[in-house]
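Just dropping this structure here.
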Amino acid sequence: MVKQNKIIEPEATGMLKSKKRGYILQAWLVLTLALCFGASLAGVQLTLGPTIEENKINETRQKVPELVLGAEKAQKIEEQGQALFIEPHTISIEKPGKKISYSVYEARLNEELIGWVLKTAGQGYADKIELLLGLDPQAKTITGLFILEQKETPGLGNKIITEAWRKQFINKDTGRQLIVVKKGTKALNEIDAITGATISSRAVTGLVNTAIGDLKGSLVAKASHNQPTKDE
Amino acid sequence: MAENIKKIKTAPVIHVAPSPHLSSMALTTRRMMIDVVIALIPVVLTALYVFRWYAAKQLFICIASCFAAEMIFMKMRSKAFSLNDYSATVTAIILALSLPGTAPWYVGVIASFVAIGIGKVIFGGVGMNIFNPAMVGRAFVMIAFASAMAASGYEDSASAVDAITQATPMDAFKQTGITTSLSALFWGPTNGSLGETSAFACIIGGLYLCMRRTASWEIPTGVIASVVVFAGIANLVNPQSQWTVLHHLLGGSLLFGAFFIATDPVSSPLTPKGKFIFGIGIGAFIMLLRLFSGYPEGVMFAVLLMNALTPLINRWTVPRALGEQ
Amino acid sequence: MSWVTISLSAGTMVGMAVILSYVLGWANKTFHVEVDPRVEAINNALPGANCGGCGYVGCSEYAEAVVAGEAPVNKCSVGGKSCAAALADVMGIEVKESYPYRPIVHCGAHYDDRLGRNEYYGEKRCLAANLVTDIQGCAYGCLGFGDCQVACNYDAIHVIDGLATVDYEKCIGCGACAKVCPRNIITIVPFKAEKILAVTCSNQDAGKDVMSVCKVGCIGCKACARISDLFKMDENLSKVDYDAYPLECSVELMNAVEKCPRNGIVFVGKPSAKDLAAVADEELPEVVEPDFKTTVDDTKWRG
Amino acid sequence: MGLTINGLKGRGSFAHGVHPPERKSFAGDQAIEILPSPQKVVIPLLQNVGAPCVPLVKPKQIVSFGEMVGKGKAFVSAPLHAPISGSVQKQAVTNLPNGRHVKAIAIKAEGEQLEGQALWDEIYGGQWPKDNLEQYSPKQITDAIYDAGIVGLGGAAFPTHVKYIPNEKKPLDTILINGCECEPYLTSDYRLMMEAPAPVITGALLAGRATGAENIIIGVEDNKPKAVEVLREAAAGTDIKIAVLKTKYPQGSEKQLITAVLKREVPLGGLPLDVGVAVSNVGTAAAVARAVLRGKPLTHRIVSVTGAGIAKPKNLLVPIGISYGELIEYCGGLKEDAARMISGGPMMGFAFADVNLPVTKGTSGLTVLTQSEIRRAKETSCVRCGRCVDVCPMNLVPTKLALASRHKNVELAKRYKIAACFECGSCAYICPAGIPLVQLIRTGKVLVNKADK
Amino acid sequence: MSYLIDIILIAVGAALINNFVLYYFVGICPFIGVSRRVDMAFGMGCAVTFVISIAAFLSWTITTYVLMPGAPLSKWIAGFFVPADVAAKIDLTILSYIVYIFAIASSVQFVEMYVRKFYPPLYKSFGVFLPLITTNCAILFACLKIMGNIIGVDNPADAWDLGRSLTLAVFGGVGFTIAIVIMAGIREELDLCDIPKPFQGAAITLVVAGILAMAFMGFTGVDSGLQKALTSQAGASTAENKNADINVGMSKFIIENQPIDENIPKG
Amino acid sequence: MVDQPTPLERFVQGILPENPVYRQLLGLCPTLAVTNGMKAAVTMSCAVAFVLLCANVITSLIRNLLKPHLRIVIFTLTIATFVTIADRFLAAYMYQMSKTLGPYIPLIIVNCIIICRCEVCASKQSVLTAASDALGQSIGFALALSSIAAVREILGTGMFFGWRVLPISWPDWVIMVLPPGAFLTFGILLGTVNWIGSYRSEKSGNR
């Protein structure tokens, strides 16, 4: 039984100084616990931290082969025991009044540049949509699309994560803006909207357009810049 | 207890009661509900004309399942079940008219059960509900079965009924920028929820309700006034828009909502001033949602939001008593 | 690297703890506001979960309400019984040896006993019906619409054949029925015996007037008062003096009971020994004194 | 007949209100008859708003006509007088239609009584001067009013002298004589104005003299054109104005009347005094005239016995304290289908069933309604249609007040100003759900009072 | 301009669209407990808004200056013991939860004591709610959200500044206030309703909250709608080039050939 | 003073009679937020169980050293520490789940269940009792969470633990996995539990 019914009296007639020390003294248990917990937490961090970081990176990284090579090829390569060399970059571009940074992953197979994966995010229908976009080395065609995070309406907007819908983007030419249309794609740069979720469809397409628009130049430049490096 | 009372005097039997001893027998709550049903007749007829058996089916489903729900829930509360007050009928018809004709059968059934159960009985039955039951039911299915209730859910290009093969006017404009003619919006041969297509029918029924004073004129007036103002502002800001103030007024379920849904006395404020504020609020929310939200239409959400605010409006619009400073 | 992180974490924590306890300790002293020491004591005894479950905003408000006597000590559901006991301890509520308090309905007329009754249309509640005249002849007796039945949280009072009847098995003596009775015919009295005598009438009119409205009401004949001192006459009505109520029932009393020409003095109640023990640590209900007057409204209106 | 308000500020009407069927034809054309002197009267000791009276007589004591038999100790009270000569009996108790249970003085008639035409002449007949009233000082007038035990005869029974005693802080500028009689069925005031306009005019002038008020206005609803004519004639030569007001219930309520005539609003919780007005019923004015000029107390009043449930509706001059049963008997008894007896009018009157109850000073009528006239439908749920809000003459929200009362929510009742309600019954009259709103509000007031204690 | 739009979007999002109570379910306890009367609910709402702002300020400051990798303060201290490049990588985010909860608890207590001493009327009207808030998840949630937007972002330029953090906090509090006041209004009304006994109290409150959440779902998408409207109003200069071919090299770009993390072996 | 309940009593009480969610209405944030799927609900329950167990045991161990005015501080400190550990653990070994649960894991810190148990039981009773109390409460919490999650997941997606239990033609009640569904489901379940409770107590006749 804790003696909690007693009112805590500060040490009788003590001077201010001793009282001040009193606060600390009374809290000795807090201090001890703080010390122990702080130290042990740091220990936890040091033990688990790398794993967490790895998880974070891998989340993106794992998708890269599929995005640049397509699912079948990616599997084949994995079966062959070959691994892609993936190098992350941050590319910043300056737009009027704003500086935008993109995470870009450079995918190499046997020292050969086989494609890019861009990570981009933006406002969807309900919340942020985060996606990965695979491009060929010259950034001319889209090789894959993957939605990392979204909170679109279940049953409607969240159909953007279905493969059937994402497939439409593959092999699209980056030279023209993609346009969302309602039913039945005709032109090459048209994407079918999801029934009842035009906004989500447009949001994804818009993100893709913007990302390509922003990065195409730099990717091309980088690809050519890297070429000589490879030759050396 | 009354049957235990022994009649002490023989003829004439005198009984006692509090004042006043006269009452205006012109109006009963039952009569008010019947008024609403009468006012809905033109809307129902238009719906039957435009949507044929789609409308008939939806009405049948909603009425049958609302009655069933009323019966089941009243039994659960061990209260006498009676359809005599017509409140379940009104809820059922309004609910059916606010659904798309193409909606699958379970939409109507679930909406009815939610409307009666969560919308009404859980609050204690007739006269106690905070929210408009029909709108609670509709909101539930709207969110639950988004694909069946979203704009595209209204369309069925293979349908034999003309109206259903087109896109709804609001959706057609939002998606492709095609404006529907005002006369079509007024007379109603367009696609949409069963009851909303014909502005004409809504106005006829609505005026009847207002004239009978079953619905307070303040609410529709407030709704229409604020929609006109906000739509006007939107048009001024964006003058190229083909969707004018009149389109906003006649299109979508605005008039149906203003006359039949918002005027539900139970879930609207008590005083004339409060009713006007309520109407203005609904109009403002409708325009906010129409212009900015992902949904093409905002009447249902606007009504629910203002229903939620009704207790506060009531609180802030306690009328000034005679002689109060 | 790792030892730096560990020590820096630990250091941050300790530093934070030191700063916090120092600052708060200082603030506690500097900003100290004189409060009733009992409030502080109760605050300490309370869990401090600030869950708001007691209906008050946070623990300290509840503590203040307890000290002010506005709230009972057992409202804290987080703390449970031990907490309630601790609060009672602080508040110095002594658990006295006491008798259970139970209600007595001072009316004995069932439907058929009441004269001058008329059919009544209107709100079927005693409080409302009390404003209408001639529902029954007697302006003092039970109206039988059951306000008390609704008020009772323990299902311990029922209107049986038009008369409110206490179920002493279930009654815990909270006094809710007495508070709502618009005619004030229910009083809460200490039950000094398992069964206790009660005069089942509240009508203060003269015997003739009582007879014209009731078959069983007290006619003020003073028969009981002549036999036993326990009965006091007050305005044509016999009342039991419960302060002087004996623990043992004497023959004299029984005689008085038998003498009553209207059979209006009866034994009521049945609190057992178990009850007596059970109520030992319960809060004593507020004793509602009988107030024998018809309590119609004093509404003023002109016009 | 159009509204005439003689250049007064009011619109001749007030906001909201209802239009119940008037049904004044039952007794409207029946001249006042004088009831034969009864064998026994029971005078309740509380007939006025305020403190009850204490009996001044003992059992078996012989009292004569007009002798004071009871007197209150407080300022707000009015003494009681014997309406017949006779002997005092053992102390009695009686119920009153308004639900009170009070002590009373019963007097058994003995010896010769003032009856018939003599009684009429004594009370309303003879000459009533319109000038030379300056001879009475205000003090004299109010004293005479107090001694005569005059209370408001419209139904409220507020002691009249209290209203007229000059108040330094709140001087009166207007005397409003209330001849509206907005209650359906009732015709007693109408008959008084028709048959004895002179004492009304004189009483009004005396009231003006007592209070120093310059304006004296008589308000009459426009459904009584004949009474307006008669009053105009009687008032000729004086400054009294006759205001003809819209027929609407509750036009006769003093706050509504003041608004309709003067466009002043009596503050919430205040009295007409606060806006410089005193309102009195026409009957009260006539009683004032009699008390001052003839020094006679209030012992009789005019009661209309009316309604479809009574065999022969009549207007009667009756002694105070007589039982309702005798009135009914005199009017031919109740019809077979009579269902409800009401002391007063059907909107604000009190139902009762015991015919032995006595007539009091505030009784303006006895209305007997039949089965077909009263509501039989069961109460249904409130759908918050707001009809009650539309009709409330005080601009309240009755449905909320009723809900608050049902749920014993005192705070809510106060927020919606339950105290402002004067129970006119408009809301319950119009309510489509048949909710006993007025009763609930009265219950709510009881709760509020209890909580405030 | 775009900053302002950002702020507006954060504000609308926090107050209406992603309402703390009705969307994120934080602050449910007071939402159910203290929503019996409107005035109490309003006091609670104000107190939460106030505390949430303080907490947001503290958590932003602590995160930016102490906790996040490379934070100035921890870098400086660690600099005494280890080389600067190692010191810059000291990551104390593991402590964030503890630090936040303590920052919240102590600031609440401090404010409470201060208000109680110097502004007794203020204390009476809303100070009583303060202790109740310490364990209110809405506050901690706001801190976590801010943290997520400082150290959870991929590139440092996107990290929230103080302004954005405070906007989120204040409007999250406003959203909480809106929800709880509406709920209190409804509950005052519910007291007068004949609710089935098992549903009285918390159950009906939750059902009403469900209906409210349905109504608030109507706002979904208002932020994207607003964004579109505002950006198109902000001037055609930033407008998207519709239907045009993508211009390569339209914008100036800087390539930072910098790997994201060196801890992870490449490949 | 009132007798303290035994370990067994504590354990049993936590499961139904004093169920933290349905009876005490504690810990509602996670109850509503993470119950749109069974997996998330179970993970959440485990996390809460871990924190509750550790916090209860630690508190019970140091209960004699507690100073009244500092006890809440110490509880919070302990809880926050274990929550952090749980959070990191999830992030390291169940990364996807940790992302799904998002901020609701750290929000366990302000989950009233834990501080309430520390206060009511652990700070007064032995380690064994505290541990069994923690287990009982955790099981109660898990039961409540999974009951809600089961309803929501089955109606909302036709699945249970990710397994399809309803026919593919089942129209998903999307609202169930959205916020309104959480409120409505919990509200109605709570009402039902109350109803069953009152029905049973009525039946057994002790009121």
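Just so it is clear, A, B, C, D, E and F label the chains in written order, and each chain counts residues from 1 on its own.
In the analysis below, a residue touches a chain if its C-beta (ideal position, glycine included) is under 8 Å from a C-beta of that chain, and two chains touch if they have at least 3 such contacts.
Source: prediction; values computed, not measured.
Trainee: Among all the other chains, which ones are in touch with both subunit A and subunit E?
Mentor: Correct list: B, C, F.
Trainee: Need the central chain here, defined by C-alpha centroid distance to the all-chain C-alpha centroid.
Mentor: Taking the mean of C-alpha atoms per chain, the most central one is B.
Trainee: Where's the contact count highest, between which chains?
Mentor: By number of C-beta pairs in contact, the leading chain pair is B-D.
Trainee: Using C-alpha centres only, name the chain that sits farthest from subunit E.
Mentor: D
Trainee: In angstrom, rounded to a whole number, how far apart do the mean CA points of subunit D and subunit F lie?
Mentor: 69
Trainee: Roughly how far is subunit A from subunit D, going centre to centre by Cα mean, in whole Å?
Mentor: Here subunit A and subunit D have centroids separated by 85 Å.
Trainee: Just give me the whole-number Å value for how far the CA centre of subunit A lies from that of subunit B.
Mentor: Roughly 45 Å separates the two chain centres.
Trainee: List the centre-to-centre spacing of subunit C and subunit D in whole Å, with centres computed as mean CA coordinates.
Mentor: That gives a centre separation of 42 Å.
Trainee: Mind pulling the residue numbers of subunit E that touch at least two other chains?
Mentor: In subunit E, residues 29, 91, 94-95, 98, 102, 135, 188, 196, 199, 204, 207, 210-212, 214, 217, 220-221, 224 touch at least two other chains, as defined above.
Trainee: Mark out which residues of subunit C touch at least two other chains, giving numbers and ranges.
Mentor: Residue numbers touching two or more other chains: 5, 8-9, 11-13, 16-17, 21, 24, 44, 49, 51, 53, 116, 118, 121-123, 128, 131-134.
Trainee: Residues touching two or more other chains, restricted to subunit F: which are they?
Mentor: 1, 25-26, 68-71, 73, 77, 81, 84, 88, 112, 115, 124, 172, 174-175, 178, 180, 184, 188, 191
Trainee: Which of the residues in subunit D end up touching subunit E in this complex?
Mentor: So the residues of subunit D touching subunit E come out as 403-404, 406-407, 409, 412.
Trainee: Help me check something: in the complex, which residues belonging to subunit D touch subunit B?
Mentor: Of all residues in subunit D, those touching subunit B are 14-15, 18, 20-21, 184, 255-256, 259, 265-268, 270, 309, 334-342, 346-353, 367, 369, 373-375, 377, 380-387, 389-390, 393-397, 399-400, 415-417, 420, 423, 425-426, 428-434, 436, 438-439, 442.
Trainee: Taking the touch rule as given, give the residues of subunit E at its contact with subunit D in the complex, in rising order.
Mentor: 188, 191-192
Trainee: Could you list, by residue number, the parts of subunit C that touch subunit D in their complex?
Mentor: 116, 118, 121-123, 125, 127-128, 130-134, 137, 139-140, 182, 205-206, 209, 294-303
Trainee: Where on subunit A does subunit E make contact in their complex?
Mentor: 37-38, 41-42, 44-45, 49-50, 53-54, 57, 83-101, 103, 119, 123-127, 153, 174-177, 179, 199, 203, 206, 209-210, 212-218, 220-222
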